[in-house]
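Chain naming follows the written order as A, B, C and D, and within any one chain the residues start at number 1.
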């Protein structure tokens, strides 16, 4: 067995007097994909935000490579990539500027690479158009371009397939599979029916809903 | 006693209205806060008791969505 | 799962240094702002209009304006900074950039500091540059105008830094704008007092170096403490969303 | 040590302790306050400068004193909320903020009324009154922010940050208001600055300060109990407790 990157131990999260999940434990291993499933409102996004370190109203432990994550925050953040519902794209900037701004905090890459990454997500020719003139799907593709150049071992992706067309979804699936085969660890939520080999599932909303 | 008579105590050489107004407002507001806080606790206890008496009906599983259209009848 | 994977972690050397990351945040904020120059003009116009209200609403007499001028300019500057604060994190919050900022591996308070400085360059600095013109319009004399600009130069960054705490605390709340003013105005009072007091002392010919030094101390205090509070407030607000 | 600390943070434990303490706090507090105020009103000698109007001091000073120390207590509780995530600390802040605001208002009101016979006007921009007014604004901010955030934990932590920022500012505000005051009205007559107060004056003052402190303690316990009942409504011990109460 490989050493787990991130481990959730007895996670519990309560929101507005409602228990979203409790006693949730799982390990995120390198070379594996975890799909978080559950109906609307079951706390998928909340769980992902907790894993990413955006939401800290939970009890239980999160271990980064066996040690408490909160003590190794910087190392954790350096090795984790999170894409949320909101793609982190500024409508006033061009895809190129957006990608540059997002990457500048993590990894300095030459313009040529960023340009290629945007081409790789089907945005060839749009690199210099302000993002507000792009469609919702195209804006998401700008954010997804990061996946083509990211070297973080752990990816946490919330609803990656939203607003992406059929060909795009197929290509993105291939990207994820390839990443996992090369040892990356990925956590996703999606309503899209994902068919990947070695996929683990974490199911939320299993009956124990209201905590009264 | 710093005053010669009860009357002098009330008047306080013309400063009576100011002094008594301050004491009145002080006791009024403090009393109101104390009374209000007591009443609030009583109210919360009553509310909690009602809640425990009638245990909420819990849905075993979330209701499935069918997205069936509803046609309002006109008769 | 038989395959064994060894993870190659990203070492600190591969990652981007804090200074570079701060510069990237700063540059992005300036770039975004200059794509919509109208938004930059609005606080300035507000500043000019509020100052105009006083001669019209109170009195255009030279003696009154001379006495009240520094106070009017300071209050107007304070209000226009307050007005612009709501945008400091709101757009970033709505489009998800803020999440990415919080998840950057650099210390958040330094990134927040870069954002506050960008905010100052975009709102406070133009106010300082505009102040001499308005100072003349309210009949402040030569030396007072210079001191006024100096106090604004030292004081407006404090306004941006403290305001950033309020903006971060009220992020994502309904009626955040009014609440923000409610939280922040009491904290602005010392800067206002010393800002106007220094100009008044200067107009009376008293030495002002001590007061300017004290304002400088406020700035240092705000620079060192406010980013921590803002960073904590941002984490809390994001945790809630 | 850690265990004691942990126990102190348990709402259930606090609820019990508060219940036993409360009658003492209330009755001793009321007795002290009545004794102090009665003494101050009827028996303390007249002030040679201000005449009888100075008798407002026996409520003005306790209110002002408590208003400030309540804010500082809130800041300490805020620090505990942020560092140890102790629930009870936030319960304290939420329960006590309105009481602090009322006390600040009382200090302002009595100060203003006191000003009329002393200065001949209801309001004067005196350094002490002005800082009290700003303190009232700070209280309003805390209450407004607490009410605006619906999520309990986020609200607790946001309010804690605000209170701490406020407490760092209080000395700065006080200092700058005093400086501003000397700039605008040099050498005014200060309400409560006495070179030396005779014992017949400061003993009743001390009694009323102590009395108000105890009554505040009672109010804090009571309001914290209410807040705990609301928050812990789903736990078994609260449900049992609620059933056991006869009223």
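One rule holds in what follows: a residue touches a chain if its C-beta (ideal position, glycine included) is under 8 Å from a C-beta of that chain, and two chains touch if they have at least 3 such contacts.
Computed from a predicted model, the values in this text were never measured in an experiment.
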Given chain A and chain C, the chains that contact each of them: D
Chain closest to the middle [Cα centroid of all protein chains]: C
Which of B-D and C-D has more C-beta pairs touching across its chains: B-D
Chain centre separation in whole Å, for chain C relative to chain B (CA means): 40
Whole-Å gap between the CA centroids of chain A and chain B: 47
Averaged-CA centre spacing for the pair chain D and chain B, given as whole angstrom: 19
Euclidean distance of C-alpha centroids - chain C vs chain D, Å: 32
Residue list for chain D, restricted to those that touch at least two other chains: 151, 153-154
Residues of chain C whose C-beta touches two or more other chains: 239-240
Partner chain D, residues of chain B touching it in the complex: 1-3, 9, 12-16, 18-19, 21-23, 25-26, 29-30, 33-34, 37-38, 40-42, 44-45, 48-49, 51-52
Of chain D, residues touching chain C in the complex: 82, 134, 137-138, 140-141, 144-145, 148-149, 151, 153-154, 157-158, 161-162, 164-166, 168-169, 172-173, 175-177, 179-180, 183
Complex contact set, residues of chain C against chain D: 162, 165, 169-170, 173-175, 179, 182-183, 185-187, 189-190, 193-194, 197, 200-201, 218, 225, 229, 232-233, 236-237, 239-240
Contact footprint of chain D on chain A as seen in their complex: 15-17, 57, 211-212
Parts of chain D lying in touch with chain B, wherever the complex brings them together: 37, 41-46, 51-53, 55-56, 59-60, 63, 98-99, 102, 105-106, 109-110, 113-114, 116-117, 215, 218-219, 222-223, 225-226, 229-230, 233, 238-239, 242-243, 245, 247
